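Both of the next two complexes hold subunit A, though its partner changes from subunit B to subunit C.
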Partner chain A sequence: MNDSLPFSLGRVGVLAGNAFREAVRHHVFRFMTLFAVALILGCLGLGELNFGESEAKFIADFGQGALVLFGSILTIGTAVQWLGGDGEPRAVLTVLAKPLRRSEYVCGRFLGTWMVVLVFCALVTALLVGVLWTRTPAASVEAMHEAPLVGLGGVSLAGVAVAGALQAVKFGLLTAMVLLIASFAQTNLFALSVSALVLVICHLQYLARDSWQAGQGWIERLGGSLVGLVFPNFQLFGGGEWLEVGVGVSLVAAGRVAAYGLAYTAVFLVLAVWSFRRREI
Partner chain B sequence: MPHDPTVTLLLVLWSRMVRPAAVVGITLVAAGWALRPLEVAAWKAQEGWWPKEGALGVAGAIGQGGAFAQLGGFRSLAADLLWLQANACWERRDLAGTKAALVLVEAVDPRPMVFWLNGARMIGYDMAVWRIEAQGGEEAVPAAVRRRLEVEQALAAAAHLERAFVHHPDHPLLHIEIANLQLQRLGDLSAAAEHYRRAAVQPEAPFYAARIYAELLRRLGREREAHDWLVALHPTLPPGNPYAMADTVLARIREMEARLDLPPSSRYAPGRD
Partner chain C sequence: METTKTRIAPDPRPPAIEIRRLTKDYPLGFGRWRLRAVDDLSLTVAPGQIYGVLGPNGSGKSTTLKVLLGLITPSAGECYLNGIRSDDPAARRAVGFLPEVPDFQRFLSGRELLRFHARLCGVPRVGRETRIAELIDQVGLKGAADRHLSTYSKGMIQRLGLAQALVHDPAVLILDEPTAGVDPLGAEAISALILDLKARGKTVLLCSHLLTQIEEICDRVAILHRGRLLAEGSLVGLLGQGDRQSLVIEPLAAEELADLREWLASRGRKILGVDSLPVRLDRFFSRAVTQAENEAGVKGAAGSLRP
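So, the complex of A and B:
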């Protein structure tokens, strides 16, 4: 234990840089990025399927789907390996043998993983904006020059950026949650399974909230309240609804969701540090 | 002091499992409680985006595809594929299949208005015909039974549209569709007029909603009310927009004034307050 050392942001930065480089070289990052890009480009061939919405909205929604799906896999796949378990031939031991606080280790790994996910989100969002731009009629592009928030069939380019940023915040929160799970998991398989389960629960948390407010009987309400309070609500970060920022959705609401995500991230990160400090390695 | 293995085991369990789990649980409950106002405010703004518990149960029936759409964000694609399925069932006049597919479309992606409106038309108009045909056709089915089937389907379509208000509060096209069902299938002029009125007062209402509301008031014998409505409407109509039909509205006002035999001082004069 080196917990008598003062907390150093410099060491956290070095660890974050290392984690970032390792994660970028990892197959998970390359494959997830490749799949997301392929899916977004592939959706151009599915334009005939947009019955309910404009083509722009269909493409934007599809792109958001790719971002959410592959971003979640990338986040869990990357974060789960850092805190021991049976992965990365116990690399954690060699790092912790150096003069380093465990809290610095967790924070460094968190920042490194989040940076990788931020790069992924930026790449996919930029590609989505580019694709939307090429599929936009010239008249709409002219209108957008005058007012960037003008909707392209219910979608705004600012909205695509806001939606991408909110997903990045959500993945930061997911990273902290996965680190908490990995901090006590004995195997990577366990950490992966539990993280995936938690992801599903967080996406369906709003149903627990409904049960809490309007459930039948105290057992349902108590269960709903516990799930509703323990797990963050991932549906707040949306699938494709933030694409309408500036058209029908306010930027203030997006800021409120980002604050919610960042506050929860801090809580999960503190818990991950606490749990990892107690761990026998 | 004797070394009791049970006590030791309990102490180890407490220290390694129960205490950490309790600390994490209590911290998360406290954090959830503290962040609840933020969550409630953010959720209020977007509650209509997501299907309700019951609807998700139905979505679950389509298996991983539905869950994938809910969790992964591919809602548009999943809903479009389900809409194709609904139309395939509609072509086969498969009543149960069409109904089930429409419920699934509604559960997966309640945002597109076209799904709600066309779904309501399938339920309200087409399914009534299918049910009559299933009982032997118009020749074989007594008029009272035909009427009952038409009313049942119209009410089901209206209920389908009412569910859409959760996601599209007071959308004028939903009110107009319900009004059309009231008018053409249920024969309830009053209810139809009320829905046309509610459609007409929405900011994005088509111009014809206000004109039809006035016409229904006239048919209900409330011609003076219709006149006042059109008089209030006329100055708001953009003169250059052919859909606004300002001249037609003015002509109807004149016809009503003639029928009501209004004195010249009570007659509408455009441009006068």
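So, the complex of A and C:
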């Protein structure tokens, strides 16, 4: 292709802003946020079902679960719509007929979708911290004045914030993967199904890595190594180990996980651009 | 006596649209079978023309437009927009496009959508909002500009599509069925708008099933069938001057008609047929609705679209 139009960050910004505006007004965002908020607030009444954990730890785990579940649905549901629907994606015809590069379109959609997920993660994490704060015994609050943001009822607030941030990085990576799938998918149903499958594979990737390392036959090792390399390990983004007070949040370790996620994101984004470049609309 | 020959200086500008030996095949399944949508098509549209492309469904009109806009890759041949290869995004700087039955993000308002497209095309901030307001007024969406597109009718979406194609004041407009889903009044207004664009020096490539519309506004036409060019040329050149004339006159009494026949016979001519001319339905409809709107005092309603 003969591209004499230079890549423009301005156009990427316009596309990202539009994608964000569109997604944030979409029912998927509203419903997922509502469900996550309802689940976190709902667990306040389930204190007796804490399975022996402290109430704060139970709320933190529940909140993390809501973040992971609804964040994944929101990411896939939003990113998969980037071509505008099944069959002929007519909603993008008028956009791609404008003077812009396909790479700008993909990057704009990626940033717009990721911004929506970042807003979701920030809202849910802030709510989780707020709920934990309200359920903290007075004694803990007094302790907090001496050492702010250390812990509430056995749960580290810093750990909750870092876990939320790592989930946001993971959803960015998931966005790039879904965009890659949607760049060649002919229908939304196909893109949705494959994206959901990829999400499951990425969460179970550690099993493939284990078989790669401990496998007996070469086929098992080769298959394991391929799955282990192609699919990122989503278990790394859990951040659950830093939720407990006393464990201590390792910013270096968190940074390493974030760098791992961002590197995979860049690779999948480049692949999505490459795949979409020749896509016939 | 010295004679001077008047020479028409050749237009130094490149053709607004040039298609050279374009072929487009679509693969069918996994085999080697291919569907040929466009077959060795060559066309040239000069700047300032209204060029009509006609053809039945599946004749390759939309595929040709998509290749022109770089949305699909040709199997062979090449296309140029204002002298720039159409697979270069820069070629689309001066092009506005309205697809057949356009669709837009339903959670935006009409004004937001136009603002998005204007920013994408690099319309300067100064004067952008004025331009958008003008276009909204021009396509008759003033009362609906701030409503979500999910509340728009098919015809309103079509008119908004036309506005987004015009938002950066392009030199070339590519319109695929611009009157699809639009009522007769709107269709008439769109025709007037296209003629106004021509008067302002714009080039329009128009695909339409409405033969009357094509005949009324186009300078040249091309007829496609199964991806091949069947005929191409100016309307006069294609339809010819003919060997008959028609005079439209007020109704004559029987004796007046007999006198006329006699008079013509004395000059070796004869009347071949006498028909009363009915009013065209679209003109009748347009007149009736306009009259009703005037009586009701409706001004600037959604149906009004003016150039």
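The rule is short, and it goes like this: the second predicted complex is superposed on the first by the 261 of 281 C-alpha atoms of A that agree within 3 Å, B and C clash if a C-alpha of one lies under 4 Å from a C-alpha of the other, contacts with A are read in each partner's own complex, and residues count from 1 in each chain.
Here is the rule we go by: a residue touches a chain if its C-beta (ideal position, glycine included) is under 8 Å from a C-beta of that chain, and two chains touch if they have at least 3 such contacts.
Because the structure is a prediction, the values reported are computed rather than measured.
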Original post:
Taking the superposition as given, does A:A97 touch the first partner, subunit B, the second, subunit C, both, or neither?
Top reply: second
**OP:** Check whether A:A79 is in contact with subunit B, with subunit C, with both or with neither, and answer first, second, both or neither.
**Re:** neither
**OP:** Tell me which partner A:H26 touches in the superposition: subunit B (first), subunit C (second), both or neither.
**Re:** second
**OP:** May I ask you to decide whether A:V116 touches subunit B, subunit C, both, or neither, giving the answer as first, second, both or neither?
**Re:** neither
**OP:** Could you say whether A:R11 touches subunit B, subunit C, both of them, or neither, answering first, second, both or neither?
**Re:** second
Subject >> Per-residue contact with subunit A, leading partner among subunit C and subunit B >> reply: B
Original post:
Given the touch rule stated above, what does A:I181 touch, subunit B (first), subunit C (second), both, or neither?
Top reply: neither
Original post:
Is A:R278 touching the first partner subunit B, the second partner subunit C, both, or neither of them?
Top reply: both
Original post:
Looking at the overlay, what does A:F58 touch: subunit B (first), subunit C (second), both, or neither?
Top reply: first
**OP:** Please identify the positions on subunit A that touch both subunit B and subunit C, taking each partner from its own complex.
**Re:** 278
Original post:
Across the complex, what residues on subunit A touch subunit B?
Top reply: 43, 46, 49-53, 57-58, 61-62, 64-69, 180, 184, 199-200, 203-204, 206-207, 209-211, 226, 228-233, 235-236, 238-241, 249-250, 253, 256-257, 259-260, 263-264, 267, 270-271, 274-275, 278
**OP:** Over in the complex, which subunit C residues touch subunit A? Could you list them?
**Re:** 66, 69-73, 84-85, 87-93, 95, 97-99, 101-105, 107-108, 112, 116-117, 119-122, 161, 164-165
Subject >> Residue numbers on subunit A that touch subunit C, as the complex places them >> reply: 1-5, 11, 14-15, 18, 21-22, 25-26, 84-85, 90-91, 93-101, 278, 280-281
Original post:
Along subunit B, where are the residues that touch subunit A in the complex?
Top reply: 20, 23-25, 27-29, 31-33, 35-36, 38-39, 41-43, 45-46, 49-50, 52-53, 56, 70-77, 79-81, 83-84, 109, 111-112, 114-115
